Amino acid sequence: MKMGIIGATGYGGLELIRLLSSHGQVSDIQLFTSSEEGVLLSSKYPHLTKLYDQPLEAITKEAIAALDVVFFGTPSGVSGQLIPRIYNEKTKFIDLSGDLRLKSQQAYEQWYKKTAAPQELINKSVYGLCGWNDVAIEKAQVIANPGCYPTATLLSLLPLLASELVEHKGIIVDAKSGVSGSGNKPTQMTHFTETTEATTIYKMNAHQHIPEIEQAIKAYTGHVEPITFSTHLVPMIRGIITTSYVQVKENIKLEQLQQCFQEAYASDPFIRFIENADKFSTNQVRGTNFCDITINLDERTNRLTVVAVIDNLVKGAAGQAIQNMNKMMGFEEQEGLKQVPMFI
Amino acid sequence: MKMGIIGATGYGGLELIRLLSSHGQVSDIQLFTSSEEGVLLSSKYPHLTKLYDQPLEAITKEAIAALDVVFFGTPSGVSGQLIPRIYNEKTKFIDLSGDLRLKSQQAYEQWYKKTAAPQELINKSVYGLCGWNDVAIEKAQVIANPGCYPTATLLSLLPLLASELVEHKGIIVDAKSGVSGSGNKPTQMTHFTETTEATTIYKMNAHQHIPEIEQAIKAYTGHVEPITFSTHLVPMIRGIITTSYVQVKENIKLEQLQQCFQEAYASDPFIRFIENADKFSTNQVRGTNFCDITINLDERTNRLTVVAVIDNLVKGAAGQAIQNMNKMMGFEEQEGLKQVPMFI
Amino acid sequence: MKMGIIGATGYGGLELIRLLSSHGQVSDIQLFTSSEEGVLLSSKYPHLTKLYDQPLEAITKEAIAALDVVFFGTPSGVSGQLIPRIYNEKTKFIDLSGDLRLKSQQAYEQWYKKTAAPQELINKSVYGLCGWNDVAIEKAQVIANPGCYPTATLLSLLPLLASELVEHKGIIVDAKSGVSGSGNKPTQMTHFTETTEATTIYKMNAHQHIPEIEQAIKAYTGHVEPITFSTHLVPMIRGIITTSYVQVKENIKLEQLQQCFQEAYASDPFIRFIENADKFSTNQVRGTNFCDITINLDERTNRLTVVAVIDNLVKGAAGQAIQNMNKMMGFEEQEGLKQVPMFI
Amino acid sequence: MKMGIIGATGYGGLELIRLLSSHGQVSDIQLFTSSEEGVLLSSKYPHLTKLYDQPLEAITKEAIAALDVVFFGTPSGVSGQLIPRIYNEKTKFIDLSGDLRLKSQQAYEQWYKKTAAPQELINKSVYGLCGWNDVAIEKAQVIANPGCYPTATLLSLLPLLASELVEHKGIIVDAKSGVSGSGNKPTQMTHFTETTEATTIYKMNAHQHIPEIEQAIKAYTGHVEPITFSTHLVPMIRGIITTSYVQVKENIKLEQLQQCFQEAYASDPFIRFIENADKFSTNQVRGTNFCDITINLDERTNRLTVVAVIDNLVKGAAGQAIQNMNKMMGFEEQEGLKQVPMFI
């Protein structure tokens, strides 16, 4: 199979390269760029020396047509405009950016402050939340790969909401992310000196992942109320932990809540529900496609704390993208994603 | 003035030494230990070479009686038993541990899993939340210095609750702390390798600071409902950020909420209310006694996000202890606490 | 093939599990312990949940005899005493500790301050420095896997010394290591709070890897002079960088030095010589069995700076151990070791 | 006294503000900028809220003439051109950049790749290495404040070289620095994600501090040989550790070497010689003007390891600048520099 990566120099692209290199069905990976044609990727990233010494290629409709699958690791605002110009019916398109996730162009433009993709392309795109949209994913030609925060949030809340064990109203999600989520472009906020001894709250009540989460709650549980969603930057490279607070309905017992998760994810190869956790950390999934989930019921308030951890670059980006590819192409679901977590 | 520190080898003790060394009224600091008598503090902590080369002294009633103020930087379970044995009416006692904070012995034993201090000592102790209990602090002989998490939580929630702009019901506090809050004893949870690329949730719905926060809300606003309170360990040395979620009462506008904070803390030298914050970080108060607060109102849910940042070792421990001493002894409130934050 | 790991709970053991899980020839991994029989490894290390939920087994001669290969991830002082008690002629033994590396019992006891292994066992052990001792490795039954510092130091100095382009006299090696090299036992020196904003020099002129390096220089170049070797702890999990200083012989040009490396390692799948490096970092090999090397000649002093980077847990421990196994068992050399570096 | 800081938004400027705020002789600090006139410093750096809310001022000859002392925290290439345009005989000028350190314009242009300052200004400038040039410093009107690496290197090598206990020939200095030394401008090399799990060697044999160190060795010991000097970036904010290797002359004993340091720095308030150090860390001087030094003699090679640690922003920049000001103005040497190290 021939794969292509557009935006190979970003962190999503780098992670796709890392994971695809262990994928048994991938014979060839082509790396595309809109601005650095001819540059050797290994000259920018010395860790790829002798592994990916090939030059970055220009994006053309013909080059894309020769591929089985093309991934977009581009910043928001790119793929929505680019895909219509290079589209063909034979190649599968998997977009890691936020351009194709929101069904409403207006919502996209409000939250992203950029021009939305054509409505036709949006309509054709399938939201690639593995485990919750698999029938559509298997038949899709264009995948809108979920955001990192939404993946952790949705995987840990949807079972409870879909089974009506908790209230839709009053959901609060307090999320913390490692710095790689901000991408490879140096900024004051990601400057080592100002980041490494700091935890920072940012984009208060304004993060573009809010409408994505709400849209998916509506789609997969039939109903949604506005959520409160906060994002924090913590001084580590990888990892997201979402701590969500939901109100448990009357007369629901802890055992029912635990059983809900066990049933929902019994056959999922990447979601691990852990019943009793003294402590629960992002490094227990580092470098892998796992999403670990635990819950804790406070009997004083009947409020449930729901915690999920993922690696934002894997389950929150490149890993789920490959999982989507596996579903679309009929490969084994775990192919390329069998790593043991790099706990240390 | 002669000061003493019991538990000088812990991080609270080290921080007291650091701050007291710039205090204009302190002529002499004696360092006490229960187990390492005669050891030079600088042999354990080379940063104190030529500054505090004196040997650690044994704790005796006579030695304590010669002091104006004695601070306890001991772990929970020590001061509550020790103070009755070395008590005198002339010396001021300031306890940085949790032993004297909870008015109910039963609550202490339930949350701390240790033997409570004598009720008489508890009754004599004044909760040293500067800005909210100053009249009592000024006359106190024994201070129960507030915990790190409660300090950030209470300073940022009490103005809203006391002025009845927000609901008492349904308060959620999501707190994140640097690792120094866990003290100087090496454990698996504070082992560099397992900590530095991890964010960890721990003690879910079971942290001993929960009853302390609720007791203070009751004391200073006249009413309390059970809160939900979560704690996370993030890979930095110092700093706490509390992100709290409260429901705003009907017809309350953002301007009223902002004004509430500005009025509450207009004359406080250490609390800075920041109206509009793009981002808000623990490092803006690092090394100092400041507590910075900001708020953000989500009009979609009428829920308010209230954020506070402190240095857990200063405003959350040694700094507030010195502020309490200044109030008790009639010194200028900022004496010894005038540092500019070590942003980098 | 059936593999066993003794000392599975240490970081060497964890890393063997991580790497062996992608090894095509490994069907079964048994985990042994001397003290925690019956404990689930995943209960200590949640990242292994659903991957290695099996209980730790007791070490018996019979259990070992059923294995094709057994790895020792134990601290120094264990394998040297244990192997004689469980030895059999059929199983291959690969020791990641320092117990079997030094040919002189007296040197071992002087530098390690522990009882040496029996001389017979030492004699039977083959030093597993891949690329420099391959004939012996392929026929070995017992491998003394090289230390982390010696691996980086030797791979980067041996080509120059063996080809007599530089002086044996006056070699200085300044090494810096991430904290995982200190193992999984919490200590003051690896306590997050005291480690994360510190670079520390330790064991000055007394590190037990000094005699190992000198022994190997003698073995593979025919001559040795005492080296100066310093070790520093830097606040990162993984990675070693060795900066070595050697005197270039007269009339030797930079091109000859570069060619020396290119020839020495032309066919080595894991050693990458990088000719011109603006900067050179440990993260360009993170998580992999690569050793990257670069050099810089100072014409003002005719002194050569030789820099090597490895992942101390992979090329410096578990990775090279598996490479040794591959050589001993006739597997493809890269099997289980094909990861792309986790640059971020 | 009225102080001014030009380049107040850089890390040197921020650190000057932090330290000068506790200086008893400083009544007023004015902040100057060439490009951000009118901007509030606290709007860029929230940690200065309510402390330095004043606007940045334009640099004029008149404004400078009203000051007693003006500090330059500007990048190299600025002060050498700017000072001639704003010079007056009454104000003291202290330049933290490298512009005035090298006596040879040619050397400056070769190593810095920028236009040198006028020779007249260079001649007037006094190298501010406290402890080694004090007579000239006290009478100086313009100070070239030493670089961070040179300060640690020189303070730890000059006593040995001046007393002729070690060879001038063959000196090797292996230096490691925290990231704040790279300044406040975000770059790929200081981007958190690529920095925090990496140790990096950079500018091999090409660092602009090499000629500065050699010039000072010549000036204060009468002789110099080319040194080898390497620089590494380690993932911490503050701190430099220099590990230097020198050849001890024949028949010199360890005790003589130790005594050399004790005598050289007996009366220096900021230099601490520590005789026996198991381990030796940058955090033992963090946030302060201390330079700690230790040595270790390897009897196998008669080579001496000389280790120095400083805080690069304090003793390596702003702190030594204030120490120079104290000497020039006749203030107490420790004024503004009495902080206890922030070990944690």
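Which chain is which? They are A, B, C and D, in the order written, and residues in each are numbered from 1.
Methods note: contacts are C-beta pairs under 8 Å (C-beta built on N, C-alpha and C of every residue); 3 or more make two chains touch, one makes a residue touch a chain.
Computed from a predicted structure; not experimentally measured.
If you take subunit A and subunit B together, the chains in touch with both are C, D.
Two chain pairs, C-D and B-C, are weighed by contacting C-beta pairs, with C-D ahead.
Among the remaining chains, the Cα-based centre furthest from that of subunit D is the centre of A. Computed from the mean C-alpha positions, the centre of subunit B lies at a distance of 36 Å from the centre of subunit D. Mean C-alpha positions place subunit B and subunit C at a centre distance of 46 Å.
Each chain gets a centre from the mean of its Cα atoms; for subunit C and subunit D, those two points are 38 Å apart. The set of subunit A residues that touch two or more partner chains comprises 11, 180, 193-194, 196-197, 235-238, 277, 280-281, 283, 286, 343-344.
Within the complex, the subunit A residues that touch subunit B are 170, 172, 174, 176, 178, 189, 193-194, 196-202, 204-205, 226-228, 230, 232, 234-239, 241, 243, 245, 277-283, 286, 296-298, 300-301, 303, 305, 307, 343-344. Looking at the complex, you find that subunit D touches subunit A at residues 11, 179-180, 182, 184, 186-188, 190-197, 235-237. If you check the complex, the residues on subunit D that touch subunit B are 11, 14, 17-18, 21-22, 45-51, 180, 197, 237-238, 272, 274, 277, 280-281, 283-287, 292, 313, 338-344.
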